[in-house]
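Please see the structure below; I have some questions.
The letters A, B, C, D, E and F name the chains in turn, as written, and every chain counts its residues from 1.
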């Protein structure tokens, strides 16, 4: 990784070959977000998505107290959207809000659209926008001290950056989703694991990071054609009928099977060696 | 609540401000349903949906033995649909059945379409139509003595008032849904909780009602703009792709954010006071 | 069952009236599949789907070591698809692969399209294509020794015969699906039960078969109009919005309720006798 | 037709057996609509949809000058929706508007949902809501003097009662739809015929009515099972994929073919007699 | 074409390289269809779809009087579907009808699913099933004497083999589709051309065949990768949103562009020579 | 328009208030496109979409000979996509192609996503990418000398930048779309008008521009809330069912009706004055 771009609000490192670790880096404010941060988040994930030297991405938050407490409400209150001049009418105000939300959603959706799998580690406060963000990841791991909440109802609004859209598709339990989304109540690691919101729980943030890195290294060691295809096909399946997905899958593999990865993987399997794969 | 409308088959009370408690009231027949009851149910939920003095609704059944045993089969056997004159042909008979089912479905769907969240408490027998009804609710709580069954297969038909449609989307476990729907077997509170069909289990019906009322009061204390938007957006997400839902969400909030509730909620949060919100 | 057709790679028996037991029968190769086997599988399920003497189907694998280890990779490597002459261009090669996958998918999808419920018992190795197959079944039961894996990533490809399409809709836990699909890791009976991939776990394969047969007999004793309608409507619901499914359900029952099964079932219920139903 | 219900704003007659003629009857105001009128329109079409003595419906406007000029803007300005108290916030105002539009849309959509075909004759001014209404009909016939316009842009709003939704699906020419919808320009009978918005043009309103009645009588003479099924299946096809529609069609006819109409129609065809069909 | 398979009810010839001419060959019965014919039609189009020596298919009817009058009603009346024993109930009868329609639809849909473009020439009577068939084709050409009719309503049923599903998507004029489908009236070449049901009209059947063959030869001279991709992508677009289609298109061409056809076509364009393309 | 941004490949002018004229400016190469041009096109339309001083956009091509001949094939042949090193495998090559097409499609789709209506004037050669581009516009006007062609088949590929996706939804005539897309034949203004591809034909390019500017001025004089809402709702309707679109429309207008434009438009209508509207 020669001269990786540097970012203002995020730390990016390369702990292992093909693995990137992205950290939200505003610990003094509990990693809360203002607009320049989500725009930077988009730049980062768009860049990593295309970088052939990246195969897996780990996302976490710096500091001990929070993955992120979500939107920096103070900053938002001063921004243009909610502070629109009173003199424009409701339709015009709606236009600005709609554009603002659309851009905000697009930034967060880059985690989902990223061609490589994203593993997210949550610890401490993971509120509001923190839920929107981690719900976009592919695999979620949390520490025992995590405090999740779909907090938006408590500030007078319905969550609009993705939680209400994706959470019902991520966990199977629609009643539970309504419960936590309507009450804005806090829930912890055990409950998150029981309903399937997280795949793994570890005692401390450090143990989570350790586990996530092991997983990231494992995924990075596999055929990138296979791994990236699997992410894409699962995301497609979520939003389409079985018939449509099977058709799309067949089309996908009509090109993807024309790879040397299959032969390399098969040979390694027979020879009990570790395969290497061309960059993708 | 001045002069609330009274209904023949349901009790309606206002245990707390902004909270309505609707009880199925045919305990002598285990709260089983005949046609006038589901038509009345529709009237009730259409009225409550529009009433600005209502923010949360609790639905339960009177008596100790059953939420409802479902369709009153004896009454149904005497009704016109299955008792159609033998002289009309199969196509014409189908028309009457189709119209009958459509109206029946519409009545039960009013729980889902109701703009306010519906909390449902189930106890004792909760069979057939009982499943159709509670599956439409937003949050389900049951007592330890509950006996659930998708009973229709045992009377020779596929459930057609919503269970087969909604149950797979409410719990994530499609294999389990097929198991209980094909076998018509009874299952209890523990199993219902494990698969995510209910969000909470309490020992007795009284404890369930108590918990449900606490939850109802909590929801009624929050911004109605936020709560009702959250219900609507979650229901929309269930039936649409992520892209479609994000677009719909942005549009929804372009108007919903033009509310004083956000400011009131933020101020209360800072001042540690309890916010009050305008009627909706 | 006079003169049932015989098949080369599968054993078919009639352990009880209206019940068929289909066994994958290549134990020497751990029941791994080559192309003639999936074509035969299609023939079998298309025939059973139409046979009025069949009401439930049990699918399992012979031998003690595996339900199936999936694709016989050695055979596949020699087949025409991956071994296409190097002289054709990438577009032409893609055409052959696409046709090949489409036919392969069609063969496996016959389990899902079969009008009668399919109960699948898995034991030992259940890898790759084994996942594709059992994910198509209606009810899954496994033994304690089962070893599941979505193994495809480890041979350099994204699973394309249905697992990635159906698994997210069968279990509710999308994060878990991504975890096992991306890592290709093995998981066992407990985990499969916890996430809802199997409905029941029994200690041994024999106990699984016993339980599955009891379940099969139970389903076969019920109204075939009701049972087959329930399967169809649940599968339809999985791929459609609630509004579309309710409409389809009403249409389905406009014909299905014109059955003598309802009266027979009701009479038997009142008389505490076991109903018999006409063939379907 | 003993004691047909009478309505305040519409004339209803029975010019021929099984045919009803509904006339918008507010000629002094160019048949412009206020809220009680669209609520009455819904009542009428819901009643006619279920009445077995009705097989075809003709809709037209009284007077010589207009089918309808659309919304009575003066009445609308005084109504509650746009005249909401200034003291409520934008989110609450949006709720009232949304409910109002939804009810308005539902009323007009009853023409489309009506089980029997609706033939609409347009003459003179056919503006705004007039477009919403006639676009819902199954067959459109207009006189040479008709003046159509999607007029809403000229009063500062996007048409929201159905024109923008249905017009692109009724005519094939999306560019033309955008042209007339964005410019709000008037277009006449020739242009309407050329782009396929109307099926037939006649010189005068009287000739249109005459032609429409002939068509209505023709449709009423045919099998109601066939005619009503055809309307339903075409409307379903408009909103679904080919695969979904074929499946729905097969299900529809699985009941509809169990009719005596097929035999009656075939016998009449052979005997060159006019068939009669049972009521539906 | 060495030893092409021969068929009982269809003539197949190879008038030019890569072009097949399929003729419905039952002129004594006006090319009307009974069940063995549509099963044979499926076999033919499934075979031609896969045959690398075929690039375009022309479908027409033998004799001077009819493309086809549609279903052979006499044969159908004697078949099992409508002649089901009176002793089975309505639900069971519905099952047989549903299966019958599904198989019938599948046979006709093979024209649409055929990977190569199908040009259909219609002359004389083209009724009922004739409409279902030609609506599946890619390009329709008719002679001046053609007599089209969606005839099913006149025999008491809604068309169920595809016309009601595909016709609204083939022509843009939904009102016209309802008109001809509800009235079952005959329409001719001019009207068919005006509404866009046919692309070209020629005076005689012979002239139509001549034109169709020229077109077939033209298509056969072009890159089969390009031609077959174009058919597939247009059919996909018909049933999906713009966003879904663009995604599918990009995936399609990610393999299809890896063809030598692009280079060959470009070189031929520059050199003003006629390109040849590898088989597909 | 103070200091409008300038672009390298496009001319942008402000012929009238609120109207922008964008011209493809590479006349020496018949306005053919290379990659920097479509990237610039995206920048332009994204900027104009947000600029409150812009209400309508006119797109045309400089020079007398061509709107655009489409892709600059020579430039494309030298670019990285088709010239990928031969050493990477088919799966990896597919990835680069897929990314390239996706970015290309996104650039062209900005015309459709632009919040303001786009009027496109086509003259002379309008081939390949020219079709992709103008099909994205809202209103199409062409001169008598235009030569349209969906040319891609003739260079060995299926059109992938939008024509195959959007053209069937823009004109109603699917058979015609297949005809011109499969044959790649040229068609002129009359045919384009007859099938509804263009809304207006004028003799010369200058007359087209004149007409387009009049139309642009007309649209710019109307309520921007109404005009932009109409564009959005029509585009939404194209891709959704009637039920979904009505719901979206009601939500849209719940905010949009909170505009002063309605009152201004109504007052101007009564006073016969020309309304002015606030910026949007």
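In this section, a residue touches a chain if its C-beta (ideal position, glycine included) is under 8 Å from a C-beta of that chain, and two chains touch if they have at least 3 such contacts.
Keep in mind the model is a prediction, meaning the values are calculated, not measured.
Asker: Which neighbours does subunit D have in common with subunit F?
Answerer: A, B, C, E
Asker: Between copies subunit E and subunit F, are the contact residues mostly the same numbers or mostly different, with half as the line?
Answerer: Result for this pair: different.
Asker: How many angstrom between the C-alpha centroids of subunit F and subunit A?
Answerer: 34
Asker: With chain centres defined as C-alpha means, what is the inter-centre distance between subunit C and subunit F in Å?
Answerer: 48
Asker: Measuring from the mean C-alpha position of subunit A to the mean C-alpha position of subunit B, what distance in angstrom results?
Answerer: Once rounded, the distance between the two centres reads 33 Å.
Asker: Mark out which residues of subunit E touch at least two other chains, giving numbers and ranges.
Answerer: If we look for residues of subunit E contacting two or more partner chains, we find 90, 93-95, 169, 171-173, 196, 225, 238, 243, 251-252, 254-259, 261.
Asker: Hey, which residues of subunit E end up touching subunit D in the complex?
Answerer: Listed in rising order, the residues are 73, 77, 81-82, 90, 93-95, 97-98, 101-102, 105, 109, 112, 152-160, 162, 164-166, 168-169, 171-179, 181-184, 195-196, 238-240.
Asker: Residues of subunit E touching subunit B in their complex?
Answerer: Checking each residue of subunit E against subunit B gives 90, 93-94, 243.
Asker: Subunit A touches which residues of subunit E in the complex?
Answerer: The contact residues of subunit E facing subunit A are 248, 251-252, 254-255, 258.
Asker: Mind listing the subunit B positions that touch subunit D in their complex?
Answerer: 50, 88-92, 94-95, 99, 225, 255-261, 278, 280
Asker: Which of the residues in subunit E come into contact with subunit F in the complex?
Answerer: For subunit E paired with subunit F, touching residues are 117, 138-140, 169-173, 196-199, 215, 218-219, 222-223, 225-227, 229-234, 237-238, 241-243, 245-247, 249-259, 261-266, 269, 277.
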